[in-house]
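Per-chain residue numbering starts at 1, and chain names A, B, C, D, E and F are given in the order in which the chains are listed.
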Amino acid sequence: MIDGADTAWLMISSVLVLMMTLPALGLFYAGLVQAKNVLSVLVQCLAIACVVSLAWFVVGYSEAFSGTGPVLGDLKALLLQNVGRNAVHPGARVPETVYIMFQMTFAIITPGLIVGAYVERIRFGAVILFSLLWLLIVYDPVAHWVWGGGWLAAYGVMDFAGGIVVHVTAGTSAVVIAAMIGSRDGFPREVRPPHAPWMVMIGGCFLWVGWFGFNAGSAIKSGADAGMTMLATHLAASAATLTWMAIERVKFGKPSVVGAVTGSVAGLATITPASGYVGPLGAVVLGFAASCLCFAAVAAVKRKFKIDDALDVLGVHGVGGAFGSIALPLAAGIGTGGAALSHATGQQLAVQLLGVVSVAIWSALATAAIVKFVALTAGLRVAREAETQGLDFTAHGEVGYHVAG
Amino acid sequence: MKFIIAIIQPHRLDAVREALLQQGIEGMTVSEVRGYGRQKGHKEIYRGAEYRISFVPKLKIEVAVAAERSEAVVNVIRDAARSGNIGDGKIFVFDLETATRIRTGETGVDAL
Amino acid sequence: MIDGADTAWLMISSVLVLMMTLPALGLFYAGLVQAKNVLSVLVQCLAIACVVSLAWFVVGYSEAFSGTGPVLGDLKALLLQNVGRNAVHPGARVPETVYIMFQMTFAIITPGLIVGAYVERIRFGAVILFSLLWLLIVYDPVAHWVWGGGWLAAYGVMDFAGGIVVHVTAGTSAVVIAAMIGSRDGFPREVRPPHAPWMVMIGGCFLWVGWFGFNAGSAIKSGADAGMTMLATHLAASAATLTWMAIERVKFGKPSVVGAVTGSVAGLATITPASGYVGPLGAVVLGFAASCLCFAAVAAVKRKFKIDDALDVLGVHGVGGAFGSIALPLAAGIGTGGAALSHATGQQLAVQLLGVVSVAIWSALATAAIVKFVALTAGLRVAREAETQGLDFTAHGEVGYHVAG
Amino acid sequence: MIDGADTAWLMISSVLVLMMTLPALGLFYAGLVQAKNVLSVLVQCLAIACVVSLAWFVVGYSEAFSGTGPVLGDLKALLLQNVGRNAVHPGARVPETVYIMFQMTFAIITPGLIVGAYVERIRFGAVILFSLLWLLIVYDPVAHWVWGGGWLAAYGVMDFAGGIVVHVTAGTSAVVIAAMIGSRDGFPREVRPPHAPWMVMIGGCFLWVGWFGFNAGSAIKSGADAGMTMLATHLAASAATLTWMAIERVKFGKPSVVGAVTGSVAGLATITPASGYVGPLGAVVLGFAASCLCFAAVAAVKRKFKIDDALDVLGVHGVGGAFGSIALPLAAGIGTGGAALSHATGQQLAVQLLGVVSVAIWSALATAAIVKFVALTAGLRVAREAETQGLDFTAHGEVGYHVAG
Amino acid sequence: MKFIIAIIQPHRLDAVREALLQQGIEGMTVSEVRGYGRQKGHKEIYRGAEYRISFVPKLKIEVAVAAERSEAVVNVIRDAARSGNIGDGKIFVFDLETATRIRTGETGVDAL
Amino acid sequence: MKFIIAIIQPHRLDAVREALLQQGIEGMTVSEVRGYGRQKGHKEIYRGAEYRISFVPKLKIEVAVAAERSEAVVNVIRDAARSGNIGDGKIFVFDLETATRIRTGETGVDAL
């Protein structure tokens, strides 16, 4: 039976999660690039949202959420033709259509996150082809494994809102594509600073508020679980933001806006898998640890590995999501308010590790193959002059700022 | 007539403008420029990566004056623009052959 | 009896639809004009929102939704003095106050859409006077005809969320006022490009997410209908966005940001009347057709008719809304998931056509009269020098960008 | 028992109110300052949100809402360790966690409002220390007095959504800190105009839509009360916006964007305490009076008292909130749709006055002491050169706009 | 060769450009500047406070021409830029010693 | 002393700056300008309407140098700024009468 309140909550959560991509993630990323690439980032996010939505409708939802085979869905929902107007999602009290919509917004933002790895140098056609294949080959299967009754679900892997399904897949794939497409011209010495930190901040704020739909919506029900999830999400983000600012204050003397917002996102990515299972104190601890870890990871990717994961998708999302997923069994036990685990703590830890590692490996391998394919077909990277002139004009024929008339 | 170009620190604009006004110079043209010189640019650090900003924001002031006032005006600008730090800027003086006021067609010193 | 879930859904939908005007539509339009007019567009949207709200309170709601006469409401709700604190909207399970609020947000955005026709040259006083009269003479009656139990409702016209009431009225009126106020100086040869495509994109994104309140909110109930409406809305917008990009790619070699967002809006306007009646496949088909049609219409208005409908209100909203309204009976039958029509398909088609055409005619005639009146009283157009200098400074005494201190 | 609909409404209201700070208030304020301080304002709002959230978790909620002593809470909810996952908030049908979250968003925005008083010259460390102490010493006690069962609640003071608790505290404290920190260099003769009125407008719009969560969320229940509150809030804001524009039109010849948005905020602040008690007509009257009063107050603070309350926190929020709180008993009786008062009108008026005055005095005294303490420890004001160069670079090492590559 | 700098009202740019084109002048460089002069700036009023904006937006046009065409070009600019209001701007003429076209290395009048 | 104004393609700035540095020229001033010339502007197409953008973004570099170095500096800029395409820009050389360093009051070549 459909419950109006649960349905309203899941609908508004879907709206919030879509807003995370359109426009929040777009703004967050667009502010971090150079002024000559601001539009390209925005339109990449928009195009990914549309391509994923259609693919989700055609086959993606079937692959991930129809049937409970160990590896893949049963494809019975192709073109959503078996979805009745009044169908109810099994095990919940919301219409099937709303569940499809809610899950679609997750499928949209995940390849959207990867944009941060290849900005300022990728061909627009490659963005579209890559994101489509990546959805079908990486995201949909992994979503099935963890959330659709697949083999990781059978092991009892816990991932409340996508630490593994969203952040580990995106983070791992991001660093692979960044390495394969090569660094931006001039990296790391001559790369230009974020052209609009104010835009980063606005994008980050809307990511934050949208994330309540992401995490608390994942309860698929309005009530106590959603409530604690929301509170935990917010506290983790707050702790992470302050921690990142404190680190910057100590290391560089000044806490920056871009750093603070990066801390927020690190905290949000980290709490995501655990958000439905921890109490307030556990959330604060996770948030604090998130910024310490991600701060180090961001520097390591750039300096040690010299990979131009331009907007730090691995360092912030990948590392945060993996850490949150693994630390979840411990964090759930900190203070009051946590929820029960599927297994005893130690065993749960092992299962979580299995989940993170196997998904990371699959994401990396599959992404490498997809990128290779895209390079051979659509072509991966724009010409040097186009990169110099900027993608806004060369790929889209437009100029971001025409303030001088 | 002489044409004076001064490159100054942005925050000295008001001081320079007032000093010029007191000298009876009531016209000038200002634009934003970026300077490169002994004053090195700064670093911005984002997410642990350092970005070198080589160019420093400056303002360029252009003033056309009668030849005999040129030296006095240069001195006034110099004093008003000085903060004593590296990067305070330069003043350049050029010969100006003719000047025309668009509205009236007046030329020469009358046009200023 | 009031249902908490339906009420919560309708309240949040109202918030979303208001957000479509404040600030989404404002940003969408403001990014498309020149930098010297950015503020004027924003404040026009704000002023319209306020004037319409007060007029709605004084008489508008009465005109449209109080009583079921064929042509006009019964004016019993003047100043909303007959609305009790606990009154329930007849036929629904939400408070009357929330229904008033929800419908008000539609009344706000509709004259707001017309802003796109006359930007960069209209007097601010004319905006206010025109919008007020237009609300009372065009919007309120038409809303009554279609949604308030008027003569078109009696014919069984179907318009789920405003293809006719919102988009046909706004689109037709836009082209009339654009023709009467005259083109912008320099049109079409010397007109300047959109000064901030990034702003267009942000505005477009918030329009998109807000549109879920517009369409799924129009179910006036949280549940299966709202769910399918949301899904259909999203899929149509996605299909339309990709279609517009594909057309631009083929015709001009490059898909632009402004084009992509225009496609989104075209898809959203087109699905609006049909959103509650179609299934997912029907929605995708409508979205695809929307961009094909609107792309052609936008060019035709400018090139063939040489009317400076500056931001393409007719081409995008009018044509999209009309097409969606007429195609609705066919689209509802595509694939599964559609809802029942009021009549047999053929007859429904005729009724829909009747609705679109009669509303278009009334909108055009009434707008012509109103514009004439405004021209004679408040004056329509600013002086040539004010247009050159920009409305921000001449009409509002402000400058949009003071970046240089 | 938890009600899903009430919970969904309170969760989404929490999201809306958080959005009012992140990013709405940030944008509203950031657009009003100079370009060289845009980032500092944004990051001040972000940091305040985080510090307040953690303090709320540690002790703030306990202070304000745990137990009903006359002056302070009982501190039983330290670290929220007594809050069970399924705890229900007493007297409501929502989870305790959601109530904590909702109230936290109010605690965040209130010190956020004070930012407007000290922008462009304060040390970042002072912002953090001041906001933390202010929360614990001013906000939490006052929230307890009025909403947590404290002595003002015992007197029957009515404050639906924070006219006293939010706006009077913030407004009074703002003018005190503004006076103590001193004016910006060059005030009032050489102060620069708002660097981005378009940003003010966007921020203002999101404040407006978020305010529905603030006011209608304060019903803590989805239903008729929330509905009327939303309607009243919107009508008051509309009336106030038009009134401010009209005043500017008459006084200066041109209605400005910044003025119009200021009017909106004045109307919203004024209706806040009364929003749950008035009908539509009362709301419109309050909105109209709000702009008249606040317009005069803004000028008075600057010209008469020569205090550089830079973004007019006292003039707009303080005066608006105080006026709305005091006028509430009268406004509730205007037209139909109002709710019952706690006392007879005259007595209620006296009680309201007592509430406003005592809270204003406490806020002023406590703020003076806190500011003194901050000045002696963290230091209050940046050096003259830092002020000239701007806080973005000197305090955060960043530049807001890098458009020129 | 001569180098002409004209400070004009922004909205006269199109007129000046077309007038120059008709004279066969096909190259020029334009930049945004802010001017101070007899034309006083404006006030902006925000929330009851007056902000004096002393500088007025202007455009600066730079054109290098052969010496013998200098006078004609000045006249053309003067006529095209004139709106008759205070603040229409000025035209300054300088001696230009050498000009080089970067692409070809051509110098002198050929480089223009 | 000579005053050199070069109008170049924006993306050649780094190359020019480094070439100048190697010549020992450590000071320069840069500003954004829009150029009109043989290189025609571009079209932007929005919603099927073509917008002609006549002016092309360029950078203007200003360098004051001792007279005897002028030719060498012009050559260095020419070589570093050249990409071989139409629109590579121009270099103009002027006579500079006096130069003053604001901070120290030094004049002449010492001020550079």
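Rule of thumb we're sticking to: a contact is a pair of C-beta atoms (placed from the backbone, for glycine too) under 8 Å apart; a residue touches a chain by one contact, two chains touch by 3 or more.
Since the model is a prediction, treat every value here as computed from it, not as a measurement.
Fewest steps needed to get from chain A to chain E, stepping only to touching chains, is 2.
To find the repeat of A-B among B-D, C-E or C-F, check which pair has over half of the same contact pairs by residue number; it is C-F.
C-beta contact counts were set side by side for C-F and B-D; C-F has more.
The mean-CA centres of chain B and chain C are about 51 angstrom from one another, to the nearest whole unit. Chain centres here are Cα means. That of chain A falls 45 Å from that of chain F.
Chain F has its Cα centroid 18 Å from the Cα centroid of chain B.
Counting partner chains per residue, chain D shows two or more touched chains at residues 3-5, 8, 12, 192-194, 252, 256, 258, 397-399, 401, 403-405. Counting partner chains per residue, chain F has residues 31-32, 34, 44-46, 94-95 touching two or more of them. Contacts between chains, counted with the stated touch criterion, involve the pairs A-B, A-C, A-D, A-F, B-D, B-E, B-F, C-D, C-E, C-F, D-E, E-F. Interface of chain C with chain F (complex): residues 32, 188-189, 191-194, 248, 252, 256, 258-259, 262, 295, 298-299, 302-303, 312, 315.
Those residues of chain D that touch chain A in the complex are listed here as 2-5, 7-8, 11-12, 14-15, 18-19, 22-23, 26-27, 30, 38-39, 42-43, 46-47, 49-51, 53-54, 57, 79-87, 94-98, 100-101, 104, 124, 395-405.
Across the complex, chain D is touched by residues 44-49, 51-53 of chain E.
Of all residues in chain F, only 3, 17, 26-31, 62, 64, 94-103, 105, 111-112 touch chain B in the complex they form. Against chain C, in their complex, chain E makes its touches with residues 11, 14, 34, 42, 44-46, 53.
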